[in-house]
Structure formats: structure tokens, C-alpha cells
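Which chain is which? They are A, B, C, D, E and F, in the order written, and residues in each are numbered from 1.
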Amino acid sequence: MSFIQVINPNTNLSITKTIDQVVRSTITSGTKILVVCAKQGVPSIEGHFDEAVATIGVLEQIKNGEKKGIDGHIIACFGDPGLLAARELVRAPVIGIAEAAMHTATLIAKRFSIIGTLSRNLSIAKSLLQQYGFSNHCTAMHSIELPVLALTEDKSGSAREKIRQCCIKVKNKDKSGAIILGCSGMALLAQELTKELDLPVIDGVSAAVKILEGLLGLGLTTSKHVDFDFPLKKSLTGIFENLN
Amino acid sequence: MSFIQVINPNTNLSITKTIDQVVRSTITSGTKILVVCAKQGVPSIEGHFDEAVATIGVLEQIKNGEKKGIDGHIIACFGDPGLLAARELVRAPVIGIAEAAMHTATLIAKRFSIIGTLSRNLSIAKSLLQQYGFSNHCTAMHSIELPVLALTEDKSGSAREKIRQCCIKVKNKDKSGAIILGCSGMALLAQELTKELDLPVIDGVSAAVKILEGLLGLGLTTSKHVDFDFPLKKSLTGIFENLN
Amino acid sequence: MSFIQVINPNTNLSITKTIDQVVRSTITSGTKILVVCAKQGVPSIEGHFDEAVATIGVLEQIKNGEKKGIDGHIIACFGDPGLLAARELVRAPVIGIAEAAMHTATLIAKRFSIIGTLSRNLSIAKSLLQQYGFSNHCTAMHSIELPVLALTEDKSGSAREKIRQCCIKVKNKDKSGAIILGCSGMALLAQELTKELDLPVIDGVSAAVKILEGLLGLGLTTSKHVDFDFPLKKSLTGIFENLN
Amino acid sequence: MSFIQVINPNTNLSITKTIDQVVRSTITSGTKILVVCAKQGVPSIEGHFDEAVATIGVLEQIKNGEKKGIDGHIIACFGDPGLLAARELVRAPVIGIAEAAMHTATLIAKRFSIIGTLSRNLSIAKSLLQQYGFSNHCTAMHSIELPVLALTEDKSGSAREKIRQCCIKVKNKDKSGAIILGCSGMALLAQELTKELDLPVIDGVSAAVKILEGLLGLGLTTSKHVDFDFPLKKSLTGIFENLN
Amino acid sequence: MSFIQVINPNTNLSITKTIDQVVRSTITSGTKILVVCAKQGVPSIEGHFDEAVATIGVLEQIKNGEKKGIDGHIIACFGDPGLLAARELVRAPVIGIAEAAMHTATLIAKRFSIIGTLSRNLSIAKSLLQQYGFSNHCTAMHSIELPVLALTEDKSGSAREKIRQCCIKVKNKDKSGAIILGCSGMALLAQELTKELDLPVIDGVSAAVKILEGLLGLGLTTSKHVDFDFPLKKSLTGIFENLN
Amino acid sequence: MSFIQVINPNTNLSITKTIDQVVRSTITSGTKILVVCAKQGVPSIEGHFDEAVATIGVLEQIKNGEKKGIDGHIIACFGDPGLLAARELVRAPVIGIAEAAMHTATLIAKRFSIIGTLSRNLSIAKSLLQQYGFSNHCTAMHSIELPVLALTEDKSGSAREKIRQCCIKVKNKDKSGAIILGCSGMALLAQELTKELDLPVIDGVSAAVKILEGLLGLGLTTSKHVDFDFPLKKSLTGIFENLN
């Protein structure tokens, strides 16, 4: 039985709960699951500075997870903070949710659009498209210009409605076959929007779970040859001592 | 219980048997499997002409499969012949094994190398790298310069040894973190080479099975919006009548 | 005296007649011409599935043409179906009309726009741009959202007017120096639109004729070294026996 | 009857004679020809400075040619000096021989190699590949490290033999289907090397003649919309007065 | 004390004066400055033909400058005419103002927009973006559709206001962090627009001065190895004799 | 008088001293300098994990520097760790040394090679090339396969000799006009190697100083519009409290 850890890189419990809900409805029987958030850091991630801080929180949980016998990790923030560093740290495979959503979209549509929170986050997503190779597959990126936390505190449903209207606009204008929801805080909307729009609306959290289950099923782990080799042994000092 | 069809685009029973063996050792309990080969066409696929012919055989089996209630299809030849056409034909997701291997490799290594049969086939793989977005992730492509059937009739093990030597060379020279075996006829070698080399050696057939199981688990199907919409209704004539 | 075969990949006689008209007004004295359509297959080509079927019809006519002593072939559908396979099949040069139009446009303008039938066909044209190297030369692609056959049955002239209006819009907005008509069914409009707009409006059929005449004049044939080498000898079965 | 001018951008009569020989053996009956060289400038072109000087000589001849009723121009130096400026200056189409060779090569082979004189010239060719869109079609560039004039004063045939040996190496190593001779001074070797190697060896001069004859046959001229519009009227001073 | 020459490639004294003003307000104490314009050529530069002519004027001044002991050169026209040729001609570093503006923009913003004079000039800027590597950093290019001289004869301030309005539009729509003024004639506006918009508006002239002062401070000169090696010695004839 | 802070992202005092030496020999009179290293973290940086840790140390010093009135920052490790996050954190410009070296190299040579420590670090440099836009300008990357600390403890001079030999090989083989030393620990070698090889050997530390002095001279600061806007105010917890 494989054991997967899903890490919310921010410290927000409400988003962590959303992630937990999505993950539990996605896992295959036979997969054990642990959903955690960063123990310290930022309550939400908007921009490179937030990502830099969140990365350390991710790496701590990767390390903790390894001690618990975790077989594979998911980083559940759309900027995939700490993904490459995490791949060095352990042999267990690590998947980011932006990566997962993008990979998945290209398997069922030629072109996709991304709906994100703030423009500054979409500029990070744009770098990921380039890094992963999917720049030509992305037709357009749209931001609803709401901060991440507006999604978790959306009692009136106005954020939800903004995302829905954006999806409708994408379908009518972008010539994209699929839509990616560019924030883990949007994850619960994917299924209902898929149905309403009759077009795949992809959430990276569930996509990452399936990709990771697949890798574990294949017995594949992160390559330790050259690029993702373990960090060279060196003594970390100060606040990083717990990462030794 | 999901029902997957794996289509060997050529008519070669020996390769079909290899594929069958790999698939059966890969599927998750709860997945029903059907491995078929093209009913007519070419005994092996080396080049664009062979692919063009094989594509029709693939589409026939996609159509047959649909009648049988297939939930997802795999095209088990490294050139992914007919992949885009098949995605139009049915709503069920369709995965190619080159695509699957390349996606998988980028999730556990930054860079990969491909080992293929003939140079002309690698030139097709090069186009796929560009189409899928992975040109920058592929460090090098190496051909063993043996036709596909040399793999199925390899009683002396010399083809196998050639592949093994090529893998060793890749590990020492290419700075690639993973190796992709660029022919379904090589699929059975992936696991043992992974162990011997201590570096992921990826076979697209098993990779495709896992990706497809994942998509089915997510309830995602090929987008019918714009690019992969069903073919417009029109009457096919002549030898294509069975595709109506 | 060189002998050129122009193949309409679909079975539509009306489009074949249009192609024939364009070709006859284009050939240089000293070129013998044969215009044929696929003997079997699809009446029009919209999408990858149609292309896959049409490809076989193209290859049959390539093979037939070879027996008749054809010196060079043109594939007269804007998706260039079967182009790479055809190049393997014979030594005689083979030119696609999308390819021809794109090459020609870049020789008289820095940037061009494409006007096509349906969005799904333009998504195929986009792949060709990437394959041929002209992605950066194409400013925009516009679809009139009419199926191919609306062009051949255009008694009211409304399709023609839609194309004309689209050309005017391109000239005013796209900063493109040339326009490519993205369907052989539009071929007859190129000359009059060029005059009206005072900007080159390019039809791939006539462009392909000239390119092919040029190659024949140079004595150049498709390279049989590596990528386009003849298909390896193998016995084709079933409906493909006539391709043996 | 169309009237083509071929401009050797340098002042070297020996190269001009080579070009003249190639052109005369290439033109179709019905094409009138004028081969000229720059009236002033550099005796051979190696690098950007030489190109800058040669460009003026080219533009002078373009202007002169226009007065003589020239229908189309060819710039017969592999760096295509002055090509874009010349396209502004006249409505008649203008073709560069590097451009012509590269376009032609991609129509009969997937990939080509270039054999040039000096490394610094190949670095210019590399920019042209990027500008024209063919970077991915060029497998390798090889310099024989001889200046241009070594080709015209090759009594011993040693330059010719160096080129021949380089072609053989390309065929055995590069996986390229075609070879481009990257200097007009090599033009006469193309046909014999094509025969000896059984692989297309392309000379840009003859390729340009055929492309230009084709454009003239189509009645296509350089687009005057936006990018290649005529130079704005302004008074040139000093040594440029003859360009007014 | 380093000695910098700034070359206005056109013969316009008004633009030269603008450049002079910008340069003098930018240089560091310890830098001696010489601002010149082409002695002959075109009064303004719009398009490739104008650039070809201006290039010779630039090269003459580069050569003159060398005799005067100039340590570094700036080419002060946004198309960077003659830049690569000038780098061959002397060992002293040479910087173009388009190049300088683009480099500078990417150091303080992820993405920039360019505001230019005519569309045909922006098409040249687009090639420079590709050549320098910054295509992905440029969000959009906007032309005010006024010729260069409208900037120098802008008594009513209407050209200035057009540029200002365009900047405001960029800030509101383009998601660009910086704006590049794409003409040396706009150079004086950069500082005030930066202040008004609270977003960096970059002028290439001052940017080039600082880059060049930096290179001189590092003791770095143009590499003479391979690509920018000195022109091979050859006798220039006719109007180019002064370049010998 | 401008005040620059140079941050060594690792905690190694020997490398910090090297950087200090280089910086002091580079600054212009009128620039005040502060060279610091990370207060906590890793003693050397080899790979993504080390970079993630070092990034926090960089951000702490950026924040400290701001309190001290620093006008501009340099991140003196060749992977440019924390560069984008630092640009969000303050308005003062921030320059990375890889960025600085690459920008500088393209201004004096068409193509450059990079000499680095370990292959895994060069794979990070490869991503930077893509991010900054210089992939096409880099001919080759060579690693000496020594860890960073071998450079600081190089009493025998064997590391230095390895670098020198590698430079000689680059000059003879790569057709690169310049060499970039890909580690701040190599910075002191640049000048002497430039002299010995008669080809620019570029060290990013000094290059960054000059670029930063230039930006400060222009009065340009990091754009706060969209991408690099200040981090949204949120309360950092745990070990990150000092970053609040």
C-alpha cells in the first residue's frame, strides 16, 4: 500500500482543508494519504518572495515525510514552490500541481487556458510553462484579480462566480480545449465546472494524485543521476539546522 | 471497473505478445484490459509511410473498441501513429506510448535520452518532442540501427546487449537523468535496465497504462471543444466504409 | 517535358475542378499535367481523422502516378496530408500546398496571415507552421467558420464575401504583408483579391506548381538518405494490398 | 519574357563568372538574364563589415536594374547582404541565395547541413537560419576554413577536394538528407557532388533562379504593405546621392 | 579618463542635439564625450534601406573615432544599424541603443513594452528582440504612426502627448513592468514619463552610456576571436575608399 | 554617493573574501560598498536544495541592507538564488552575477561558453539562460567537476589549472568569442585568463558591480508594476519572523 503526502506550502488551514477534501475524493483504494501544510511561513502565496519562504516549509515537510515512510509527495500550490529542490532531497517522486495540471491538459486537449488569481502569479505560471515545455500549448492566461484568500473566504460565492464567468469567456473566445484552475483554492470547482461547460476544467491537486499513483505503480523514483542527485553533505546553520 | 484497450498499430503478433505481457504486469486491480493489434497493415513500423498505413489500423480498432465499451485507449508504437485522429474519433481518452514515456521522464528527471531502432524513426520522435513541448528536455537520441523485428527475433540476445551498451554509454556521457526506450519491442527490458543502471529506464507502454488509469480515475475525457471535436459526419467511401 | 501530378486528397469533384482550373492557368509551357482526386476516402477534409483517411488516398495516387512516369507530385489540401509519407514512397519531389503557400509568402513579405475554413483546420495549420519553421512569420490565423464544402457550393457568393471581408480586416489590423488562403477551395479567389487589396493574396496550389517546376528544373529529387529513405520492404495486408 | 538580374555583391570578376555560368545553365527558355557585380566595394565578403559595404553595391544595382526594366533580382552571396533593404527599394521580387538554398533543402529533406568558407561566415548563416525559420532543420554547419578567394583561385583543386571530403563526412555523420554549399564560389560543384554522393547538394544560385522564375510566373511581387513599403522619400547626401 | 563617442546614424542635427543633451546629463565625471552624426546619408531612419545607408555613415565615424582615440562607441538609433559590422572594425566596445534599452529593461522588470514611431520600424525592433534573445520579455509593441522627424519638430507637443497616452495605455493593459522608448528622438521624455507613470520608462541612449562606461570600467573590449575578428584586409574601391 | 551591497548567498568566509577583493578592485570612486555573506544557511551552493536555503539568507540581507540605506544589491552566486524574490522585496535594483555575466558577454561577443564547477550547477545555469533569453548565445557549458570549495582551498593551484586548461579547450574548439566563469569562487582568475587567452574571460561579480552602478546612475529602480510589486502584507510565522 503506497503512502502519499500532500503538502500545502502555505500555513492556511482552510486551503489545507480544501486540498484534503479533493485528495480524499481522488485517491484509489490502496493509497494511504497524509495532507499537511507548512508548519511555518506564509498564510498564502502570491509572488516570488512568498514562494521563497514557502519553499523552506515544503522542504521541512518533505524531510519529515521521509521519516514517516512516505512513498511520494505532492506540492499543492500552483507555482510548484520548491519542486526541484524537493526532488534532490529524497528519492521518492515529487509532483507539483501546476505541473500536474499542465501535463494532464495536454493529454486531452491540444491547447488550454489558465485561470489564476493575481497577474503576478500568472507571470510565475508563465515561467513554469516555459520550464515544463508547454508554452505553445497555452492559449491564454486570465486572472480574476483576487488574492488567494478571497477564495477561501468566499461566503457570498462571488469569487466562485467570477471564476465561472471567466471559464465561460474562455470557452467562447480562446479556442482552448481545456481550462486549468491556477490555484489550489479553486480545486473544488473543477468537477462542477467541467459538467456545466462540457469541457475539461482541470484541478492540479487531483491531477497530481493520479500522476503520483501512476509513478508509484510503475516503481519509478526520481533519478539520482546528475541533476537531482542528493544534496552534497554539508552542515546547515542557524534556522536551517532542522533541515540537516 | 474501467476497461482499457491497448492497440499495437502493426500486425506483428510477437510484439503484441510483448505488449500484452508488459500491460498485464502493470494494470491495477480494477482495470480490465484488451490488447489487440491492427487487423491489417504493416508487420512493423519504420518511417512515415508505415505510420500512415498503421494509422488506419489504429482507427479501426478505436472504433471497434468503442462498440465494446472501452473507456480509454493506448496506441502502443513509439511514433504515436494516429493519436490526434483517434482523439477526434471518440470521447474516451487516448494515450500514445512516446507521449507517455516523455511525460513520465520529465517528472523524475530534468533531461532524458532516447534509445531507438533506426535513425529514421528517431527523426519522427524528434517531431514528437517538438509537438509535445519536450525538445529542451531531450539531451540526445541514439539509434541502435536495427529494424524493429530484430528485437522480436532476438534469440541470441545481441539486440538486447546493444541496447544495454547504449544505456551505459548514455549514463556515462549524456548527463541525462533518465533513458526512454523508443520502441514497444524494447518494453520488457525497462525494469531490469533500471535496476542495473540505477537510473530510470522508461518504457512507454507501462507509462501509458498508468497515465490512462489516472485520467479515468479523474473522470477526464478528451475535450470535444474545437480541436478534437468529433469528425464532421460525411460518408467514407471504398476501403474506408468500415470506418463510417 | 516534365510531368506533374496534382492530387486532391478528398473525393470531391467540384474542388478537383477548381484545382484543375488553377493548375492549368499556372503551368509553364513544357509541363504536362495530371489532376486527380483520391479514389476513395472523404468528400472534404476537416480535422485529423479526415486527414488520416485522405492520406491513404494520396499514397495510392502517388503510387499510381509513379507507374505513369510522373516527375513530381502536389498534395492539394491545406493540411498537407501524407506529405512526409509520400516523400518516402517515391524519389520524385512532393510538395504540399500549405508548405508552398507559406514558403512563398515569406519570400515577398516578412509576416503573413492565414484565412482558413474552420478553427480545427487552423489548429492543424499551426502545427505545420511549427514543423516548417514559420511560426514567427505568421501574425494571425482567422477562420471564416464555414465547412470546406460551403466554398464549392457558394452560389450566392456569401462565402466569397466572407473571405473578402476577412482579407480587408487583415490588411487593416494584422500588420501582415501577405495573406494565405488556407484551403484549396479558395484558390480561384487569390488573383482578384490580390488586385483589389493591393497586397499579395497567396493560393498554395499555384505556388506549389511553381515550386515543383523549379525543383524539376534543378534536377533535384527527394533525398533518400536517412529520413525519407524508401519504406523498408514489407508485405502490406488487407485493404492496403494495393499499396504493395 | 521575364528579365532577371543576378547581382554578385562583391567586385570579384572570377566569382561573377562562376555565377554567370551557373545561371545560364539554369534559366528556363523565356527568361532573359543579366549578371552583374557590385561596381564598387569589396572583392570578397567575409563578415559583417564586408556585408555592410557590399549592401550598398547591391542597392545600386537594384536601382540600376529597375531602370532597365528588371522583373526580379537575385543577391548572389550566401549572407544575403541587403536583402531586406532591396525588398523595400523595388516592387520586383528579390531573392537571396542563402534563403533560396535553405528553402529548397527543406522541400526535399527534413534536415540539412551547411558547408561554408570561414567560421565567421557560418555565424552569419546561423542568424539567417533563425531569421528564415530553419534553425531546427539545420543539423550542422562545417567550415573548410578557407577564404572565399581560395575557391576562385583553386588551380590545384585542393579547395574543391576539401569541400568534397567535407560532404562525405556530412553524409556519414550528420544524418542530414541534403547539403547546402554556403558560398556562391562553390556553385559549380553542386551537380557533380550530388551525383557522386547520391544525396542532394544544393547551390543557392540556381535555386534562387528557379524560385524567382516561379514568383514571376505567379505574378507575385514584394508586398508594399507595412514592412517592405517603399523607403520614405528623403534626400540622400554625399556618396549616396546616386541612390536618390 | 575614458573617451566615448556617440554616433547618431542619421544626418539630422536636431536629433543629434537631443542625443547630446541626454548624453551630457548621463555621463559620469571622468568620461569624455563626443557626439557626432553621420557625415552623409539619410536625415532620418525608417526601414531597412535607410538603415543600410546609415550603416556606412556609422562605420565612417567608428573609423574616425578610432583615430581620435575613442575607447567605446554608441550607435544612437533604435534599429542599431551597423552594430555587428562596427564590432568587427574596432576593438573598442560598441553598444546599440535598442540593445541597451532592452538589456536594461530586463534587469528591472520581467516584461516590457516598446513604443515606436512607425510599424515598419517596430518590425525591425522585433528582429532585434529575436537576435538579442528578448522576444519572450516583450509583451507588446505599439507604434504612434508618426515619422521620426515629427518628434523633432513637435512644437505643438502633439507627438509628445501621443507617446504619453500610449504609455498610459501600456500601463493599464499590457501587464508590462517597463516601457522602452523606441526612438532616440524620444529620449528626453524618459525621465518625466517615469515619474508621471511611476514605472520605468527607458531611453536607450542613456542606458547605452551607462553600459559602455561599465564595460570600459571592466577593461573589456569586443572579442576578436572568430565572430567579430577584424575584417580581412582587402582593398575597398569607389566611394568606400575612405573606409580602407 | 551610491551604496551597494554585495551578498554572498553562502556562509563561506573564504569565498566572501574573494568576492570582496574583486568588488573593491572594480567599484568606481563614488560608490560605497558593503560585502556580506548569508548569516545562516549553507557553506557552498551546489544544486537546487542549497539554493532554496541560500535564498532565505539572501532575503534577510536584502532586508537588512534596506534598513542601512543600500541603493542596490548584488547576489554573488552563479545560480542567482533569490533574485526574483529580492526584486519584489525592495525598490532598489538587484542584480545576479550569472545574469550580469551573461548580459555582459553578449555585448562583446556573439557567442559564449560557460565553465562551471559541477554538472548539476550547469543544469541550473541552463535554466537561467532560458529565463534570461540567452540560450542561443551559449555555445557550450563545461564543468570541471570539482565542488565549489575546491576553488577556495586550492593551495596546489590544481583547480586553477583545470579552469585554465578548460579555457584553452574552449578557445580552440567552441567557436565562442567569450568565456564566462560560472562560479564566484573563480572571480579572481578572470583578468589574468583574459590576458593569457586574448579573449574576454568574464567574471559575473565585477560585471554585476558595473551594471548596478549604471542603473543607479540612470536613477532606475525595480519596477513595482505587476510582476515585481512588493509582497502583499501578510504575517510570516516561525523562523521567518525576522523577514516580517
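The criterion applied here is as follows: a residue touches a chain if its C-beta (ideal position, glycine included) is under 8 Å from a C-beta of that chain, and two chains touch if they have at least 3 such contacts.
All of these numbers come straight from a predicted model, not from anything done at the bench.
**Q** Go through the assembly and pull out the chains touching chain C as well as chain F.
**A** A, B, D, E
**Q** Counting C-beta pairs in contact, which comes out ahead: C-D or B-F?
**A** C-D
**Q** So, what's the distance in Å between the C-alpha centres of chain F and chain E?
**A** From the centre of chain E to the centre of chain F is 28 Å.
**Q** Calculate how many whole Å lie between the centre of chain A and the centre of chain C, each centre taken as the average of the chain's C-alpha atoms.
**A** 44
**Q** Could you give the separation in Å between the centres of chain B and chain E, each centre being the mean of its C-alpha atoms?
**A** Computed from C-alpha means, the inter-chain centre distance equals 52 Å.
**Q** Mark out which residues of chain E touch at least two other chains, giving numbers and ranges.
**A** As it turns out, chain E has residues touching two or more other chains at 84, 87, 110-111, 119, 123, 130, 136, 175, 226-227.
**Q** What is the shape of the graph in which nodes denote protein chains and edges denote touching chain pairs (line, ring, star, complete, other)?
**A** If you draw each chain as a dot and join those that touch, the picture is no line, ring, star or complete graph.
**Q** Touching chain A in the complex: which residues of chain E?
**A** 110-111, 136, 175
**Q** What part of chain B is in contact with chain C in the complex they form?
**A** Where chain B meets chain C, its residues are 11, 39-44, 46-53, 55-56, 59, 82, 84-85, 87-89, 119-120, 123, 127, 130-131, 147, 226-227, 229, 231-232, 234-240, 243.
**Q** Could you pull out which chain D residues touch chain F in their complex?
**A** It is residues 119, 123, 130 of chain D that touch chain F.
**Q** Okay, in this complex, where on chain B does chain A touch?
**A** Listed in rising order, the residues of chain B that touch chain A are 26, 28, 30, 84, 87, 93, 95, 99, 103-104, 106-111, 132-137, 171, 175-178, 191, 194, 198-200, 202, 206-207, 210-211, 213-215, 217-228.
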